Amino acid sequence: MTSLTHPFLSVDALHKAFVLHGQGGMTLEVMRDLSLTLSPGECLVLAGPSGIGKSTLLKMLHGSYRVTGGTLRLHFEEGDLSLETLPAHAWHNLRRDVIGYVSQFLRVVPRVPAVEVVMEPLLARGAGEAEARVRAESMLARLNLPERLWHLAPGTFSGGEQQRVNIARGFIAEHPLLLLDEPTASLDAANREVVVELIQEAKARGAALLGIFHDEDVRERVADRLLPLTPYMGMPSTPIHEEEKPS
Amino acid sequence: MTASEPTASGYNFAYLDEQTKRMIRRGLLKAVAIPGYQVPFGGREMPMPYGWGTGGMQLTASVLGQDDVLKVIDQGADDTTNAVSIRAFFERVAGVTTTTATGEADVIQTRHRIPEQPLRQGQILVFQVPIPEPLRFIEPSEEETRLMHALEEYGVMHVKLYEDIARHGHIATTYAYPVKVDGRYVTDPSPIPKFDNPKLHMSEALMLFGAGREKRLYAIPPYTRVESLDFEDHPFEVQEWDAPCALCGARDTFLDEVITDDRGGRMFVCSDTDYCQSRTEEVA
Amino acid sequence: MRRPDLERATLLEARGVTRLYGPGKGCEAIDIRLHRGEVLGIVGESGSGKSTLLRLLAGMVRPDAGQVIYHSSAAQGCDGSGHEGELDLYAIGEARRRALLRMEWGLVHQNPRDGLRLGVSAGANIGERLMALGERHYGQLRAAGQDWMGRVELDPGRIDDAPRTFSGGMQQRLQIARTLVTRPNLVFMDEPTGGLDVSVQARLLDMLRTLVRELGLSVILVTHDLAVARLLAHRLMVMRRGQVVEAGLTDQILDDPQHAYTQLLVSSVLTP
């Protein structure tokens, strides 16, 4: 496969630290010298104990966390795109068209019906209302969300139901790079199965996936490679200035 | 009434001093040069309360010449208190000849009407104006209304007409109906019935407007385009009556309702008394 | 894979805009770039200068120093033919500036009563900007009024009712309809959900999001409510004592704030 020789994403010597001004300027170093590559059609799974910086990496790739050091690059035919220096306004289109993100938590406008939450990524790309609705409904049906819930706002849904709305919203737009932060965390076996299928379909159409899965079974079925994060590259969130450690 | 009493002594011709008249004439020249634009002027106290036509009187006093013939009407009538008083005033302080005949007058001071008989070139019609600012109903600030005029921000005028149609099914404004003068300034034609609005358009006579309390004057020069504001699907229309004037039989004049007894009897007659009378005399 | 087009045309720009009412009161040397189709949130506590900045950007208060540039060609889309490229908001005449505000821009006040004509019906309120643009067909004005009442989820049957008879949330939606009816390129919103009950806020937020997307609006949104900012704004600027202390993507500012003040602001928000 030629795509293996041409990665879509390269992360090099990534470094992340948080400065907590409220705690006397204490610096929390959470990641140092992390490097990886990811090719189209590949699913790379991040492994390691919680707190090691797996979600932090996804958030840096999605632009929600700033990069302290190192580089994040997407490789396009016309050349590379450096994410760490990308101006804020450029992220709108990048997120709309290239980088998708399925988080553990659903964060939406209250009172918006589930089906409209799922439609939004398509509408943002200018898809027609009717077409977007059909696709959103078929996605929700596939994830076994009862039809009576489609037109209700997800605020009152159970954790698993909210998660499925979130997954539908994340997969519907078929982004070339998908970041998955424990998408199967609160799902039953049947729905985990659907997510595995969705991931495999995404790989088949050439998407690059970077995910966090705590479920061993899912991990083994979707992962092409495992990247164990160790304190060497992803450091546990321990303060480096011991004397400033908060009580 | 004729000029039987002698001209009062101790007054300048037409009551106002020459400096004041000059100031007002300068204002009038500016008003004529910018049709529909409100020109401020230093209004003087007149021997009459505001609301009785002090603005119109100051304009009349400033344009009146010794040989001019003056006519004064109030709601179309020559014989109401206001008309009679103003006529008597100018007879005494200017000694000018007065008339009730529209065709014979050089200067006509009017409150709330335009004579039915078409005016001719050389005549001057002076309107008494209570509120000169057509935008005032919606914008209390003078500074803001001046800016709105300067920038031609006239959308709100149509808001008022829209609201009329929404409430009454038609434009219910029947007097002081706003006009656009020479395609530029939105102007209040004073509280004339909208029936008279078409007479403003391309009039042969010079029309001057004076507001005493507000100390503003403005003008519509002869042969000036004057359009009444309206909507494409609700065009401007004038009032119509089912019956002709009960006295002269005219069908094309503005009629007043007159109560004739205590038993509900009433009739409609021309509001322009001179016009009605001349027609009745013709018939007789 | 082909590289996507990430650039967006600049619509409004502030260059070193300053207006001080006292030390730390007002705005000092603010630079802003708003791109077409973007919602830029300006957040900060009351007194931080965010409302002054809004007024400076919207052409309502002349800055002591600096420029506000409106890229009118960007507003016209690709063609831009026949339009000046850059308009220096305070160098053009007042006539042009007011015309801009009336025709190409919109302003949504926090208190809908400031943005509505309370003496005339809902339909007249919505129609006013159209009439100002020269619409002279009553039937079409009415149709537009009914259409927009539907869009902002008001009962079109109430087109002849006075705004006074509407609830606060309905008045705010009416104000939004009145502002957007001429499809402005750029809308300034000052705490648009500020005076509303929480239960009404959510619906209004959703409506605003939908309208922004459907009409391709560019918005400058001033709010002290970080939850509102998260849901509506693409980018945020955090203001304090007349200065911008931090700017960036909305979730960057809220999830990984860098500046001490932003960290304090974000950590002070109550979450149920």
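The letters A, B and C name the chains in turn, as written, and every chain counts its residues from 1.
Note that a residue touches a chain if its C-beta (ideal position, glycine included) is under 8 Å from a C-beta of that chain, and two chains touch if they have at least 3 such contacts.
Here the structure is a predicted model, which is why all the values come from computation and not from measurement.
Participant: Could you name the chain whose Cα mean is nearest to the mean of all protein Cα atoms here?
Facilitator: Of all chains shown, the one whose C-alpha centroid lies nearest the global centroid is C.
Participant: Mind naming the chain pair that shares the most C-beta pairs in contact?
Facilitator: After tallying contacts for each pair, the winner is A-C.
Participant: If you average the CA coordinates per chain, which chain's centre is most distant from that of subunit C?
Facilitator: B
Participant: When the centre of a chain is set as the mean of its C-alpha atoms, what distance in Å lies between subunit B and subunit C?
Facilitator: Taking the average C-alpha coordinate of subunit B and of subunit C, the gap between them is 47 Å.
Participant: Hey, how far is the Cα centre of subunit A from the one of subunit C, in Å?
Facilitator: Once rounded, the distance between the two centres reads 31 Å.
Participant: Where the centres are mean C-alpha positions, what is the separation of subunit A from subunit B, in Å?
Facilitator: For subunit A versus subunit B, the centre distance works out to 77 Å.
Participant: Could you check subunit A for residues that touch two or more other chains and list them?
Facilitator: Within subunit A, no residue touches at least two other chains.
Participant: Using the touch rule from the top of the page, what residues of subunit C touch 2 or more other chains?
Facilitator: As it turns out, subunit C has no residue touching two or more other chains.
Participant: List the residues on subunit C that touch subunit A in their complex, please.
Facilitator: So the residues of subunit C touching subunit A come out as 1-8, 33, 35, 37-38, 202-203, 205-206, 209, 213, 230-231, 234-235, 247-249, 251-252, 255-256, 258-260, 263-264, 267.
Participant: What residues on subunit A touch subunit C, complex-wise?
Facilitator: 8, 18-22, 40, 59, 63-66, 76-79, 81, 86, 88-94, 97-98, 107, 109-112, 123-124, 176
Participant: Please name which positions on subunit B make contact with subunit C in the complex.
Facilitator: Residue positions touching the partner: 138, 147, 150-151, 153-156, 158-160, 162-163, 165-167, 230-234.
Participant: Under the stated contact criterion, what part of subunit C meets subunit B in this complex?
Facilitator: Subunit C reaches subunit B through residues 94-95, 98-99, 102, 117, 119-121, 123-124, 127-129, 131-133, 136-139, 141-142, 159-160.
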